[in-house]
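The structures come next, written out as structure tokens.
Heads up, the next two complexes both have subunit A, just with different partners, subunit B and then subunit C.
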Partner chain A sequence: MNKNAKKRTVMRRVLVLILSLVIILPLIPYAVALVDGPGAVPNPGAQLWNEVRQRDGASAGVSQVQAVDGSVFINPYGERWRQFRMQQLVPIGGWLLVGVTAFIALFRLIRGKVPLEGGRSGKLVPRFSVNQRVVHWFAGTIFVIEAVTGLVLLYGRFVLIPLLGPEGFSATAAASKEIHNLFGPIFPLAVVLMILLFLRGNSPNMVDVKWFAKAGGLLKGMPASSGYYNGGQKSWFWMVVVFGIAISGSGLVLNFPVFGQGREIMEWAHVVHGVVAILFITASLGHIYIGTIGMEGAIEAMTQGYVDANWAKEHHDLWFAEMEKAGMVGVAPNALEEVKRHDDIDFKGFGSPGAKQKEG
Partner chain B sequence: MARMKFLCDAERCIECNGCVTACKNENEVPWGINRRRVVSINDGSPGERSLSVACMHCSDAPCSAVCPVDCFYTTDDGVVLHDKDICIGCGYCFYACPFGAPQFPEGGAYGSRGKMDKCTFCAGGPLPDNSAEEFREYGSNRLAQGKLPLCAEMCATKALLAGDGNVVSDIFRQRSVGRASPGIAWAWGVAYGKPGIRSGRDMSGKASSEE
Partner chain C sequence: MFLEFVEGPLWYIALTIFVVGVVLRLLDVFRSGVRTDLAPPRREGLGGALRTLVTRSWTAPGFTRGAAFHLVAGYMFHLGLFVLLFFAAPHVLFIEERLLGFGWTPVPYWAFILAANFAFAGLILVWLRRVMHPVMRRISTLDDHLAVILTFIAMFTGCMALFQHHDSLRAIHMLTVEVLMIYFPFSRLMHAFTFAISRSYTGAAMARKGINA
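== the complex of A and B ==
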């Protein structure tokens, strides 16, 4: 009996021991894990997903597929670029273009066409050489082509698809892309020529500050003094330089996707290209308006190379005084003949009065 | 309606590139174009992991959002497709896509881009199902035949899963539960964390051929 009771006690203890082990043993790894901490040895699986999301910077993967950015799991900057294009560039750029156009229209309504106050004198003053005019229209033509095709690609989805339908717009957009990409690479040349031929006389000075203070003489009864170029023209020239270089550089990066440049570079190039293009086009609206239909007697400077003496007196009084002193005013009554002859004989003097201006 | 999804199991992918080859063969994509690619990290080292990447057929697809000609559309199966007769090859989808899915054959002057090509989830394009024109432009339309994408069907280790997102995630969830989660129990940190088990035996410089 005693033996049996002892046996039962032992069995009971063994049972308790087994039960406790059954409960405790599986917990040991948890306890070990708890002591080690979860980060003791990084799980390669977790590391993979950190790489995928590029949490620790650029991914350094490898791939058998040879392609640009082929070894990159995820390009997290694509979404940033998408937000920029769809939430900022398209709406803000659109409102800027519409706003400036509306502003010019308002100016037209209030001020009307800026007239020649003194009427036409019949006397001409040489203003731009034939080289300057050729380069100007060369750059201007490419600029307009690039601006129109670029705007088609940027806003066509919202403006033109409802008008032309998807197929019609696709043909338009495809042509725009080809034209944009074919003419684009010539624009840097135009920018360089513009800089070479128009740099003289475009250094800013105090006259320009006063000119801006008087709103460029655009308001009635508030004439602003200016030399060969006024503050607005100088600003436009320096915009052509800065925007022209930026838009050319970024455009070349985008136009030739064959040098292995990655998506991040091209996204940044597109940001620069888009922002500068919008600013460039916006500024050009003012230049084109005031140079053509906005001001009487202005366009002749770039078409004929000559301006009326009264136009020079009213808008570039300091330059006119210089030209008068140099005996360059009022050459002939039949303008076109004279323009041609002067172009043929010497255009050295034209467009380089900046040298004289330096004294002032 | 089923929402089609790809899922690649990094614990199973062995970087065999079978999916890439299967895709190229099934869809007869041109030279230089790979609709799918396998990317590895820590290649050749312990902890190497690979994933097969292609178009992930996003619900809110960035490619579609930025497309200047609006050529993308999402099918009722949740597959993001595009119309090559509308596409102008501008490359914007390539900038926006996180996965690098859009591919471009060389199209014209200055090596400019041709019409974009990408994974279609083996669902062809907007042309009539399984027509010759559809095959030429977009490749195979297996979904119209009631089949799933060939890349996943051919995957030897069943790392790459494709199909109804609910089923795919159920399969993956079951696998993950079986493997336990990282950091606790029999996960990597415990199994390989103790130096006693995985410590080196000072075998450097020793090799049987030197005896």
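== the complex of A and C ==
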């Protein structure tokens, strides 16, 4: 073998060796990882993105931005919140709303409108004061505005885009968002007024348990006794209190993000707001149905302030007995009498002989 | 097209009807004159006019409890609307660009939200009271209800247009405001101008008779 041939052989062997090393060396970390388990060999890329995505938990870096969560690059809880909204809140809430609406429709088909069994008596019984009715409709108005705009924000993408198109939905959603946020802070006022004016008489008692056991007297031939408020009305009142406080509190947290609340608090507030809103709206469907078209004579209590004596006897027999005893059945809805009864005007010093002397 | 119409010709038509209508109504009030009082005045009328202007801003003694609702809700609405009308940022800009040529500092966003809450809550409450109270219901006319409804719609559409990215929403707000402006001189909404005249007249007339009205 001449000298040149020897040199070429060496060169070939060196090349094979280098090639082998090029192929084998990168495999060493994998081999080590295979033996020692994952994580033994740090991967700079994976480590960087693990840090960015904060898979080990939320962490804050350092930033010149002086703001709440200003040094958080990516909020790891955002995805969890997004998945809850899209995979649970929207579909489950939607089915709940549709289901309850269908149940009410079915109830209507089977039971029909709950009639006044004894017909109209022509006698009236005073039920709600002017202030109670004003506060009720005030809360109802704000509730409906908030519910409708809230549902547009939650379900509009699925329901309204096919109807209005993207442009139409964009304008509707923008308007709904502004209305929802602007009317939102009024709702806590409505809840407080509701509590102040309707708390009295809403304590649960055994009569309510029996009322529930008899399905609230809604089934034919199963009358259920109740006082001024029945079990269903008391349940609705306490729902208004609990749901109202929860939805108001969470709404204010979302509406005014200027008090140091971070994204995680906002996400929790949104979860509470969304869940409670769905439950609140669902429950309200039953209240609205039975209070308006579902039961003969019921709506007059909130529009006129008076109910027919037979309605009172059939649905609130214990209260009716008290009113009868007090001589309050058959009171004519005379405007001045009604004003006096509600005690809205301070008549002291007016209309009495002594008053004229004082004025003179 | 629609936006151009409501921001152009219709705006000028509404503004003209509003200004001319209000001026004619006020001239009508002033032209009706004052009855000649032959008795020597016991006091100067001006003091009484100013006094009544202030005292009628509160309830008369004996009526405070009964009128508390109207007092609170009424002021909530009127003060809220005043702030919205003259100090909301989009309105200040509109006044500067389309009416006066100069503007002023608008209220911060939180104050705007608060004013809007007060205005909406107050308006809904006073109107519900009007509908629910047996006496109020009987003395209310179609004009009262129409004025409230038009005002509410104008405020509501303004709220809808807050996002300011959709011309259609702004056009709807402009249209409702213009309808309200056209209706204004023919309605009890004129009390926005006449309340001061009415109170001053009563105060001055009573002062001359020696009565604290």
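Here, the second predicted complex is superposed on the first by the 269 of 360 C-alpha atoms of A that agree within 3 Å, B and C clash if a C-alpha of one lies under 4 Å from a C-alpha of the other, contacts with A are read in each partner's own complex, and residues count from 1 in each chain.
Everything that follows uses one rule, which is that a residue touches a chain if its C-beta (ideal position, glycine included) is under 8 Å from a C-beta of that chain, and two chains touch if they have at least 3 such contacts.
Values in this document were obtained by computation on a predicted structure and should not be read as measured data.
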**Prompt:** Touching A:194, do we find subunit B (first), subunit C (second), both, or neither?
**Reply:** neither
**Message:** According to the stated criteria, A:130 is in contact with first (subunit B), second (subunit C), both, or neither; which is it?
**Reply:** second
**Asked** Between subunit B and subunit C, which makes contact with more of the residues in subunit A?
**Response** B
**Message:** Output check: A:138 vs subunit B and subunit C. Expected answer is one of first, second, both, neither. What do you get?
**Reply:** second
**Request:** Could you look at A:65 and tell me whether it touches subunit B, subunit C, both or neither (first, second, both, neither)?
**Result:** first
**First, second, both or neither for A:207, with subunit B first and subunit C second** = neither
**Prompt:** Just subunit B (first), just subunit C (second), both, or neither: which does A:267 touch?
**Reply:** first
**Prompt:** Once the shared chain is lined up, is A:179 touching subunit B (first), subunit C (second), both, or neither of them?
**Reply:** second
**Message:** Per the definitions at the top, what is the overlap between the subunit A residues touching subunit B and those touching subunit C?
**Reply:** 170, 174, 177-178, 182, 185, 256, 258
**Request:** In the complex, go through subunit C and note every residue touching subunit A.
**Result:** 62-66, 69, 110, 113-114, 116-117, 120-121, 124-125, 128-129, 132-135, 138, 156, 159-163, 165-166, 168-169
**Message:** Going by the contact rule set out above, which residues of subunit B touch subunit A in the complex?
**Reply:** 10-11, 15, 17, 20, 34, 37-43, 46-49, 51, 53, 62, 65-71, 83, 85-92, 94-100, 103-104, 106, 108-113, 182-190, 192-194
**Fill in**
In the complex, the residues of subunit A that touch subunit B are 29-30, 32-33, 36, 38-49, 51-52, 59-65, 67, 69-76, 78-79, 81-82, 85-86, 153-154, 156-157, 161, 166-167, 169-170, 173-174, 177-178, 181-182, 185, 255-258, 263, 266-267, 270
**Message:** Using the touch definition from the top, list the residues of subunit A that touch subunit C in their complex.
**Reply:** 130-131, 133-134, 137-138, 141-142, 170-171, 174-175, 177-179, 182-183, 185-186, 189, 256, 258, 305, 333, 335-336, 338-339, 344-346, 348-350
